[in-house]
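Here the structure comes first, spelled out in structure tokens, and everything after it is commentary.
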Amino acid sequence: MENIGLTHILFVSTTLFFIGVYGFLTRKNMITMLMAIELILNSINMNFVAFNKFLYADKLDGIFFTVFIITIAAAEAAVAIAIIIHLYRNIKSIDVDEADIMKY
Amino acid sequence: MTNLSILIIVPILTAIAVLFCRNTMQIKWTSFIGSIVQLCMASGLMFSYISERALGNTAQMLFQQRYSWYSALNIEYFVGVDGISVAMIMLTSFVVVAGILISWSVQTLTKEFFFLLLLLSVGAYGFFISLDLFTMFFFLEVAVIPKFLLIAVWGSGKKEYSAMKLALMLMGGSVFVLIGLLTTYFNTNINGLHTWDLLQVAHAQIPLQTQMYIFPFLFVGFGVFTALFPFHTWVPDGHSSAPTAASMFLAGISMKLGGYGALRVATYLMPEAAQEYSWIIVLLATIAIIYGSFATLMQKDLKYMNAYSSISHCGFILLGIGMLTKIAIIGAVLQMVSHGVMTALFFGAIGMIYERTHTRQLSDLGGLLKVMPFIGTVYVITGLCSLGLPGLSGFVAEMTVFVGAWQRPDAFHRTATILAAASIVVTAVYILRAAGKAVMGPITNQHYLELKDANWNEKFASVLLIIGILAIGIAPFWLYNLIAPDAQIIMENLTRGGIVN
Amino acid sequence: MLSQNYIALIPLLPIISFLFIGLIGRAYFPKFCGLIGTLSLLISFSLSAILAYQFFFEIGKVNGVYQKIIALKYTWLQFTPNIAIDMGILLDPISVMMIVIVTFISLMVHIYSLGYMHGDHRISTYYTFLSLFTFSMLGLVLSSNIFQIYIFWELVGVSSFLLIGYYYDKPSAVAASKKAFIVTRFADLGFLLGILVLSYYSETLDFQTLIQRLTTNGTYLSGIATASFLGASALTWGLMLVFMGGAGKSAMLPFHIWLPDAMEGPTPVSALIHAATMVVAGVYLVARLFPVFVMCPIALDIVAYVGIISSLFAAIIACTQTDIKRVLAYSTMSQIGFMMFALGVSGYAGEEGTGFMASMFHLFTHAIFKALLFLGAGSVIHYVHSNDMKDMGGLRKMMPITHITFLLACLAIAGIPPFAGFFSKEEILTACFHANKFIFGAAVLTAGLTAFYMFRLYFNIFWNKDFKSHHTHEEHHHGEAPKSMLFPLMILAGLSVIAGFVPFNKFVTADGAGFETEFHLGFAIGPVLLAIAAILLAWKMYAKENSMSDNVSNSIKGLYTSAYRKFYFDEIYLFITQKILFNLIGRPAAWVDKNIFDGLMNLIASITETVSGSIKTYQSGKAQDYAIYFFAGTLGFVLLFIYLWI
Amino acid sequence: MNTDFFILMKSEMSLTLMIFILLILKVWDEIKDNTTWLYLVNFMLLLNFAIGFMFNGDGSLFNGMFQNSPTLALEKNILNFGTLIISLLAFDWLKSHKHVPEFFMLLLSTLLGMFFMMSSGNLLMFYLGLELASIPLAALANFDLEKTKSSEAAVKMILLSAFSSCIMLFGISFLYGCTGTLNFAELPSLLGSGHLQILSLILIFIGFAFKLSSVPFHLWTADVYEGAPVTVTSYLSVISKAAIAFVFISTLSPLFINLQSMWYNILFLSIILTITVGNLFAIRQDNIKRFLAFSSIAQAGYILLGLSAGNQMGSTAIIYFLLVYLLSNLGAFGVIGLVSALADKENISDYKGFYKTNPMLSWVLAISLFSLAGVPPTAGFFGKMFLVTAGASKGNYILVIIASLNMIVSLYYYLRVVKAIFVDPNENPIAKVEGSLSSKVGMIVCMTGVIIVGFASNIYDLINQLTH
């Protein structure tokens, strides 16, 4: 029973990534979709951190990147939610499938 | 008049002047005067060309002008003329004047109409004088939009459909040309640089394999413009829906762009491939000739008849090119000029008839010679020209093609020639059928009796074109001698690899 | 040498008057156009008479042989150093003879028309066309270049088209003109190809060079004789094709169908074009190339047989027609047949060349008396206002002069001595008696028939029942025709009496050298007696009103009707053009174009449309679907590029 | 801190300055009427555009995080120019809008983001720029506040762009995993042809393909273009697209220089897909904005075609084409914006008989469309010709043939609009619309450009010198 290595973490993060994608593709609630996005972002963060820790421990690029990703994710979520609310005012729903006036 | 650029500048200026005109009278007169000036300059060009040659100037292209345009891509503004292009320019200027005069009575959107006509002529002039392949292509494309709008806005019948079809098929043609030209460009190497320069490309010794796949693109591309079978289907609809002047320009000038390109670009630049493919060209041309003439037999609409006969006549151009003998090539050029003038006059006459009787159906027309002798006579004269009556231009061109084609002794070319020659009988049949029904015979409709004969501008236009027809028909030698040396040059390039036939 | 300027004037005067009348005269003084045309033609006739005198008696003959003289030559189109179309004037016995005939007959017709066309409001146009025709015809006979002859060939074709269609508001006239033009045009296709063949092997278009190269042994002759196609040598093909053109113009079988219909034109025109001048162009062409024809017996035989068959065929039909102009038309065809087979049986030099000489001789005499016949018929029609002999009869009282002249002409064509036709026909019969017995027999038979139908015509017009007018206002009856019409009749009548005594064998021969022909009385008796018998028969049948003719026609009903229906040639042609050309080729071609090729282009367009229509549902408007496609695309790219593309 | 800091970052700084000025004025809350705002903004943008021409430097800052070069300066200035024209054309729409300063703050911040993205020297910087460029855009798309379509467009945009940036980040993380650096200066040399690297290449490419709206990552484009206000649509279709294309030229293709063949294959596939599908969709659109969206997708395909050449000719052609495309597209959008703002019509069928009532606008629209179709004598012909020429320079003629054949299809749908304008009859066509002065100026500038640029070859030569 050796200690946890890079591959395990990558495995987890990849799984997380696909879970997030699955969520994004299947959930009808826009807020939930945003959360799925967050999942994906977190998997990416894990990647960065893991790579940084196991491979390139001398520099901190990965860590920084993670920090920035988190911040931007917050900003993105903020704007997204604002827009969703505005949409809700118009169509009284946050079901993503309701928003299909424009097609073809 | 040795500054060729003026040939482009004057129509542009005229077009711009038209935009600033106040009323229709000004517009008409401006464009008329502009075109007349252009005609004078074209004639001046021809005379100075002839005199230059007489003085022993043996350069392939005279009056050259060359400015670097897009130096990074080695694109130049490079113009110059030889006998063939001079002939073409003369043709264009004749047809332009006539077309502008014929469309004197255009009422709706006069300004736009004449502006587009002039733009179209700019394209033609530019195409004929430019020696840089890129510039040439540019001018070839310029004409697309005017054609579309002229037909779609001022046309008759199912004009939208025809206009769209014409625009798209011609665009298809130019796309093929574009591909061919690009390939050519990247396969030339003049001391490390690719070149668009026609004269350099001609001697760039492109390997045969490359030529073999460049040539079809170029030839078919230009062929679409000159109704190469089976890419001719834009011709009937386009011509018949177009307003008179536009049909004159289309048949008289625009189809000749194709012939000129097929000769000057495809055949001249890809000689070896041209030899390889010539049998296909001959085949298609023969089919077009026979098939076009027979299809004409069945038409009931004057314009459709003329459009289909144009397919048949343009077949002679391609046949002459495909035969790859000097005389045949000369014949092809003669046919271009002759058919240009003749068919323009034909469409003019049909337009005059249509404007008065408001029908082009053969079944409705009859006995027009009695009420409008002038127009009737013009119609008969063009008819006779188109069936190749001696003394009129058509005869000279077709005979030259035949004599040239007959120099290919093998059975295939003989058969092609005989079939082509046989078509002149069919031509006689449909021409006389139309003339006999529409112009001669009893008057079918009583209200024809108060129709007026041609007015001054129509007379002017017709006489101008008839003069052209007669000038070629009675004294062909001047045109022939104008063209012959350059056909010789093309032949030398063709036979550089080995002797044809 | 003789001064060329006035020779050029001979063809130029008509074209000048054509331009003058056509451009100025018609508009400003239509009254005088007729006079102008006539005047110009008078001049050019006198010039040609002078020329003929000079040629035959002063400068033409060099040590006993008439030369071919190139009086003028301008290069019109220089294809290659060898092959060039020249515009030139070639003088030799036949061309000089022809210009005399052409100008003379044309002059007669001009004068005659002054009276005949009097009061027609388009008379100026009429004279314009006449001048154009005369010019083209002169150009044709004077041609020094085979392509030049083709050019003028076409021009006479078109002027005949214009003149036949002169009454252009009459549908039948329009139809006839179209028919004439198209049929001859078809034949001319052969002519053109023939020219191409000959010129290709002889490498020239110039008559003299061509003849010289193809008759003297050498590379050219061997080349064209050895090159063979479908079993026949190129020479044969070339000559055949050229002869096809000739047959077309000269209304030989099977191209004869246009000639009868051509009678729709004004009668003087028929006299000029469709009797005297244009229709003999074919004969002239063969004569012009005769030395080459001699090199190729097959071609000559074909000429001979086509000639005799057409001749007999036409004679038979002529016996049954009732439209007098059509009768004359068929007789013209028959007489031209005579000229043709005379050429066909002829040899080249000396005695051998009797046929050639005879043919030219007959051409000469026939031109005169046939023109006379037509003009006579013209004045009859002018009087009766009908073409049908059923409306005529007993006219000898009303129009004596016409009657006499017509009688003379009939005697001439029937070959009764001492009238013109007798001599020429005798020469022809002699020639083919020596050459080909079968042709001789047929020829004699035809001669008999000729006499018969001519007198059938004559009696039906001038004797038979008494003339009763068919239209109301009697005062319109002006008795005999005006002077301007009678004058030409009388002149021609006089000529058709004396023309036979011209010693053609001295002047017009194949090789240019004259020869002696002795006149066998015994040989002449047979045909003459036959002719007289035929005349008597005609007199018996038609001089008085009786049922005999009907009985005869009933007794040979099948032959009669089929002959009356011209052996159904028109029907056959109609079938070929309408059913085969139009329905079997034209209609399919049009259909294919509309549906296949045009359809192809439209198909491409519609395919694009359909595809774009079918894929539009992928743009479903649901954000998650987009995401799914996005992700699918991602996976696709990844798989493709990581696992497949490498 | 020395002067070249100011020189290298001048455009970014001027933009930031403008944003802050707007912010302060907004807070100060003295300017009441929109026209003042608009004239102020236009004036500042003009100034900014002018500044773009002077003191261009070449170098990098913050140890390689930020870099600038004359080429980049030129590209940025093209974008400045475009933004100026857009704000000129937006006049008629914004003068009745409640939130003019906010609009411009957002607009300018996206532009700023693009600038940072273009001149970034490091993947982190790159990512920040990208997000800064894309997130406010979503807000902008929502700017027709009362229209449902607008907010729907915004939602679609924000969700999908977030998703795509996730994908791209995933790729970036792997890139970091294999190389251990985020610095553009070091990356190319470290890249080989391992599968993980190819994977990251593909994922990063896809992230940008999404922004460039290349098939099959294009589906958001049409809806967003249709829903968003015309001004924003034009901004999306011109400015952001151009920015991404510039990034492709100046950053991505150098980055993956060692994976060139793979790069080319990917481009090959997406070029064919993009041009064809874009055209096929464009054929049967009725909403003119949606129609232009699809046509812009096809144009993106041509841009990639030029990119596939991967040489100087290619990048020159792209920049030149983008300039022309900017002019012609903005010309078209100018007319459409006027019509939709003043007549509230956005369908092609509404444009029937347009020529009867508004000849001038019709010509502007028609000429712009001809230029987009690449028909001479408009500049579009040259732009497209050069792109195709560049594409052919690789000698891959299948690509050229497909691209050229698509020109026919594109001509068809452009002519459809022209036909509607000039030919089709209509009893009640759009009434005469009278644009404001500034929008007129904008259109005049565009038209002049469309006519002139093609013939003035020295513009092309200038770009060519810069891209050596």
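By written order: A, B, C and D. Residues from 1 in each chain.
The rule is short, and it goes like this: a contact is a pair of C-beta atoms (placed from the backbone, for glycine too) under 8 Å apart; a residue touches a chain by one contact, two chains touch by 3 or more.
Note that this is a predicted model, so its numbers are computed, not measured.
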Inquiry  = Just to be sure I understand: the centre of a chain is the mean of its C-alpha atoms, right? Then which chain's centre is nearest the mean of all of them?
reply    = B
Ask   = More C-beta contacts across B-D or across A-C?
value = B-D
Note = The distance between the C-alpha centres of subunit B and subunit D, rounded to whole Å, is 43
Note = Averaging C-alpha coordinates per chain, one finds the centres of subunit A and subunit B separated by a number of Å equal to 66
Query = Where the CA atoms of subunit A average out and where those of subunit C average out, how many Å apart are those spots?
reply = 98
Inquiry  = On a C-alpha centroid basis, what's the spacing between subunit C and subunit D, in Å?
reply    = 78
Request  = Could you list the positions in subunit B whose residues touch two or more of the other chains?
outcome  = 168
Where subunit C touches two or more other chains at once, by residue number = 616, 619, 621, 623, 627
Ask   = Residues of subunit D touching 2+ other chains?
value = 155-156, 159, 163, 222-223
Ask   = Pairwise, which chains touch?
value = A-C, A-D, B-C, B-D, C-D
Query = Taking the complex as given, what residues does subunit A use to touch subunit D?
reply = 17, 20, 24, 30, 33-34, 37, 40-41, 43-44, 47-48, 51-52, 55-56, 59, 61-62, 64-65, 68-69, 72, 75-76, 79-80, 82-84, 86-87, 89-91, 96, 99-103
Remark   = Interface with subunit D, subunit C side, in the complex: residues 608-609, 611-613, 615-616, 618-619, 621, 623, 625-627, 629-630, 632-634, 636-638, 640-642, 645
Message = List the residues on subunit B that touch subunit C in their complex, please.
response = 165, 168-169, 230, 232-234, 236, 291, 294-295, 297-299, 308, 327, 367, 369-370, 384, 387, 389-391, 395-396, 399-400, 402-404, 406-407, 409, 417-418, 421-422, 424-426, 428-429, 432-433, 436, 440-443, 476-477, 480
Task = Over in the complex, which subunit C residues touch subunit A? Could you list them?
result = 616-617, 619-624, 627-628, 631
Task = Quick one: which bits of subunit D touch subunit B in the complex? Just the residue numbers, please.
result = 313, 316, 370, 375-377, 381, 385-386, 388-389, 392-393, 395, 397, 400-401, 404-405, 407-408, 411-412, 415, 418-419, 422-423, 457, 460-461, 464
